[in-house]
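Each of the two complexes below includes subunit A, the first together with subunit B, the second together with subunit C.
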Partner chain A sequence: MILPSAIALGREFAGARFQIAPVRGLSVQDGLVIGSVLVLIACYLLPLGAVVALSFLVPVPGIGNYWSIFQNATVHAVVGKTLWISSLTVGLTLLLGYITAYALVQAGPVARKLMLAGVLLPLWISVLVRNYAWIALLSPGGIVNSILIRWGWLDQPVSLVRNSFGVVLGMVHYMLPYAILPIYAQMARIDSTLPHLARSLGASPRQAFIRVFLPLSRPGLAAAAFLTSIMSLGFYLTPAMLGGGKTVMVAEFISIQVTETLRWDIATTLSTLLLLVTGALVWRFSHLLELATAKPKT
Partner chain B sequence: MSASSPRSLHPTRLAESTGRAVVVFLVLPLVAIIPMSFSDTRYLSMPHDGLSTLHYWRLFSEPAWRDSLLQSVGVALPAACLALLIGLSFCLGAWQRQGNMVRLLQILMLGPLIVPGIIHAVAYHRALSFIGLFDSFAGTVLVHAIKGLPFVVLSVSASLSSVHPATLQLARSLGASPAQALWRTLLPQIRYGIAAGFIFAFVTSWDEIVVTLFITSRNVITLPKQIWQSLFLNLDPVVAALGSLALLATLLALLATSLSGSRLRSLPSPNTIA
Partner chain C sequence: MSSSFLTIDSICKRYGLLRALEAVSLDVTQGEFLTLLGPSGSGKSTLLAILAGFAEPDQGIVRLNGRDITRLAPEARRFGVVPQGYGLFPHLTVYENIAFPLRVRRSRSASINGRVRQVMELLQIGSVKSRLPRELSGGQQQRVALARALSFEPDLLLLDEPMSALDALLRRDLQAELVRLHRQVGTTFVYVTHDQQEALALSDRIVVLNHGRIEQIGTPRSIYAQPATRFVANFLGKNNLLQATAAIGPLGRLHFHWNGHRIAAGVTAPFEGPCSLTIRPEAIVLTKVGHSSQGTKDRILGTVVNHTFHGASADVIVAVGHESLTVTLTAAASPPVPGDEVWLAFDAERLWCLPEADTISPAASATSPELAA
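Moving on, here comes the complex of A and B:
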């Protein structure tokens, strides 16, 4: 079934401009596309499709799983928590990211290089190591607590991780570079004389910012919002490590269904819904991704 | 906007100092692990009596850490090769083709980058158990290759886009065989894209943890999984040593790319998309 349609598909865009060596009507180029797409279908789309299919099949065929998910109070709480933490972290990340990108544009060449390095560096260090560092810094016996107590700012150690605070902190830290880079890339393209022009035409600084600079930087902000929203909805590692089981978000809830309670119906149904939401976001906003991949000027 | 009137100076200053504080916040946990890694105690703390390189040695001498390092290399190398094979095939095949079908396939190739890791975890947990590859080397390599695939596609198609469309015809008309045309004219022009794709795929596999947790058990223990397991026991300073080494490697790589000029800098970074 798949092979003939894949070949037909290959032929369909065989309006190829170069043919390396035609083999029985199919160019090598067709073969390359068909081969790689078949691998993708077998190794990627089939396993994902199975998750979607299972959500309609186990334990009994039908849409019963979706019906019960929508009535499940635990799921409501988890989804509510996820939406709340996601909007909080995305909001914080965008705000701080925008300000930081602005500071990057304003900075001199050397300071900008240093700051950019600081923004890029965390991307290359495993999120496990980063979360480890946060636990080491913020736990009751950790470094921040002992410093605060030594300075007499605290009597008792306070737990700054294994709660919602830790989750928000860890997530914002993870997502910030993904917000800063696209916003900065966009801001760097703005003609720096425009706000001055606005000022010389009588705009107040605030007006120049709100009516000139902000609209011009909005595409970068939108790309950052898109990226961080997708990330925050499916966040698994950071809530699991820094949340201490108290701040359970959708991804961790799904993992519990797979490894502990073995409720495949709930796991596959929630996975399908998460996939649907992510897919819808990508479908609607994928044009923003091209901006997000744009390279920041250095 | 560098508005110069004294009134607008104040918000700009505030933004500048906030921006600097954010950068400090970003590097803070990375810097904090350096002194921890030289701790002379077996548990996590700042150094007590003196500095010690104990934990760096443990990384290579303790069987659990050494084996997981070797396993990670053993998984990441074939996974990156496989990702390169699939991604390069696709990019060469789809090169210079337009239309909705190609765009759709390109988006599909980027899927593993966009779909949340936990969904991959559920899907592969199920699929690999079904075909008997759960907790196997082959299954882990396959999944890691799929996760690295988008980076290969992004880097290779980016470098392909700057290759002259008539490259192959020109080579052929000058008497090159199809294979020669490919090897001696096209591939050399996209070698940086290929190299970047390979490196990103390797790093993706090297770092992968979420899906690995769900598709492996006792057999396959990669480095991130070993870190994950160690975190349940205590905050072992070995992890700090490991992070410090990663930090050093990253700094060296950043330095090397900034010294080697613009060629490497023109490559897309996968991290600006994911």
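Moving on, here comes the complex of A and C:
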């Protein structure tokens, strides 16, 4: 699925810049395409293939690893936690993303540029830096706690990080741009006169929103939901840093199996399953991302 | 018929420095087909948006049956709107688009079904009721937009250039249809167009707008025959505007001096002095020199410089001295060709004049309906 499209993409990219006649059957374009395919194979397909293979080979060949994973209570707990944190994160991200995108389409041109810059800027900052910033802000001796205590709103510092709250906060913060942008792109396509018109036909502002604006913005919401779901399932750094070992999600759990407990069987099997689930989601829902070819408005 | 159905009183609307509407005042009579006519950017859509409640005027009042509705929310107005581009809801079928106003008003579903069927039948779109708007032709979209705006039996229907996206042939059919519809439902129509032909064909009354101001209000015939301003004289149909001088003769009869000629008028002008004399191209009688000509008294000699064939009619440009006139001929067995010498005679009843300063008082144009001939 990835390979043919990568080749096609490579062709397009190369074709756009290099219009050079073929030399002895192989053009520069073909060279570029073959090169990028080789990089893909070396960097992604080979290691992934090795992980999948290992899950069937260690410690003994067979499907025993899968059998025991499904019985493993710790794995159940970690998967349950991952699903819970992910749903919460996706739900919150969509809600906040929708509100921000709505503010963006309503804003004047200058305000919109500033707001968009504000949305995009965090993408340039390493997630590591952002996580440390959250820790500095939210830890018991951090800025937020000391301000709340000074104003007398709190007697004791409360833990805002190293728990699920911190993880969800960090993940929502990280994923917001990925929700805002597709929702905003879809909202910008909506004919801005339609909500007015709905009102002239008798709809209250609320009805105009629910019956006209919301359904028309749904493709953007679906794309955002898809993107953030895929991302949240495999989140590693943020839960590891802001969860403080108490909120362990699948990706961090796998990493622990590889680096600390050395249970390669569990690590590779879980990785393969995660790959399968994510792959299935991409397979089934990737059409949601094709905003550019979405229904034209009439 | 109440004369104070909808009253628009000195409406002003500015966008920054731009004056989109300047002191627009207007009475709309119940049941009439009123057209707002003006070139692009003249403020027609702005006025419509104020009537619909989409925009608030900076000054002025809109009254419905004597009640101030200037700041009333759109949904509280019961005005149907057919916007430019139709504004159909792309995610709803034809049926659901038409049912929309009834659903948001929480009508009973049985009555919704009955009413939607009724308007679909009225507009002959029953066969496409399950389609989405993008699966419809332009003409069908227009009908659906009309059906939706009429489904809740509005007090007023506002239409913004509903024909502009359609091709010429379809436009003519739909014009006739719109007139039929207006007669059938009896709702007051306020119709916006930049197409003078359309305005003349459809309207009970026309309001001519230019640069956000009303130039003239009147029936199609009176506006065509007695334009109040040079803008109106040029904007509606073809016209000849001649720099002339009005003079009242010894017997109180009015005549004009133009280009060294004396032209008798069948009208009484409210003034003497320099003016713009207007004469419609079809109100000039053209005869070739050498043929026996009627109306020998006030005829003017000219030379044909151009001839354009339009099918049912032909336009001939005739040079008279340093000026030129357009003459429309309906049927000519042997049409004049460039270089021909011709006699021109003006239909005295159809001469009209505007004062040079272009500020004829509204009273002067309104109190001369007998000139409609």
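Here is the rule we go by: the second predicted complex is superposed on the first by the 251 of 298 C-alpha atoms of A that agree within 3 Å, B and C clash if a C-alpha of one lies under 4 Å from a C-alpha of the other, contacts with A are read in each partner's own complex, and residues count from 1 in each chain.
Everything that follows uses one rule, which is that a residue touches a chain if its C-beta (ideal position, glycine included) is under 8 Å from a C-beta of that chain, and two chains touch if they have at least 3 such contacts.
Quick caveat: nothing in here was measured; it's all calculated off a predicted structure.
Asker: In the superposed arrangement, does A:62 touch subunit B (first), subunit C (second), both or neither?
Answerer: Neither partner.
Asker: Looking at A:37 after the superposition, I want to know if it touches subunit B, subunit C, both of them or none. Which is it: first, second, both, neither?
Answerer: The answer is first: A:37 touches subunit B but not subunit C.
Asker: Counting only touches as set out at the top, which of subunit B and subunit C does A:152 meet: first, second, both, neither?
Answerer: After superposing on A, A:152 lies clear of both subunit B and subunit C.
Asker: For A:109 in the superposed arrangement: first (subunit B), second (subunit C), both or neither?
Answerer: neither
Asker: Quick check for you: in the superposed arrangement, does A:202 touch first (subunit B), second (subunit C), both or neither?
Answerer: A:202 contacts subunit C only, not subunit B.
Asker: Residues of subunit A touched by subunit B versus by subunit C: which partner has the larger set?
Answerer: B
Asker: Check subunit A for residues that touch subunit B in one structure and subunit C in the other, and list them.
Answerer: On subunit A, the overlap between the subunit B and subunit C contacts is residues 194, 196, 199, 212, 295-296, 298.
Asker: Which subunit B residues qualify as touching subunit A in the complex?
Answerer: Subunit B reaches subunit A through residues 1-3, 5, 7-8, 11-12, 15-20, 22-30, 32-33, 36, 44, 46, 86-87, 89-90, 92-99, 101-102, 105, 107-109, 111-112, 114-127, 130, 142, 146, 149, 154, 165, 168-169, 178, 181-182, 203, 207, 209-210, 214, 224, 227-228, 231, 235, 239-240, 242-243, 246-247, 250-251, 253-254, 265-266, 268-269, 271-274.
Asker: Where on subunit A does subunit B make contact in their complex?
Answerer: 9, 12-13, 15-18, 20-21, 28-37, 39-40, 43-48, 50-51, 54, 96-97, 99-104, 106-107, 115, 117-130, 132-137, 143, 173, 176-178, 180-182, 192, 194-196, 199, 205, 208-209, 212-213, 227, 230, 233-237, 241, 250-251, 254-255, 258-259, 267-268, 271, 274-275, 278, 282, 286, 289, 292-296, 298
Asker: Within their complex, state which residues of subunit A touch subunit C.
Answerer: 191, 193-194, 196-204, 207, 211-212, 215-216, 295-298
Asker: For subunit C, which residues count as touching subunit A in their complex?
Answerer: 52-54, 73-75, 77-81, 83, 85, 87-91, 100-101, 103-105, 132-134, 141, 148-149, 152
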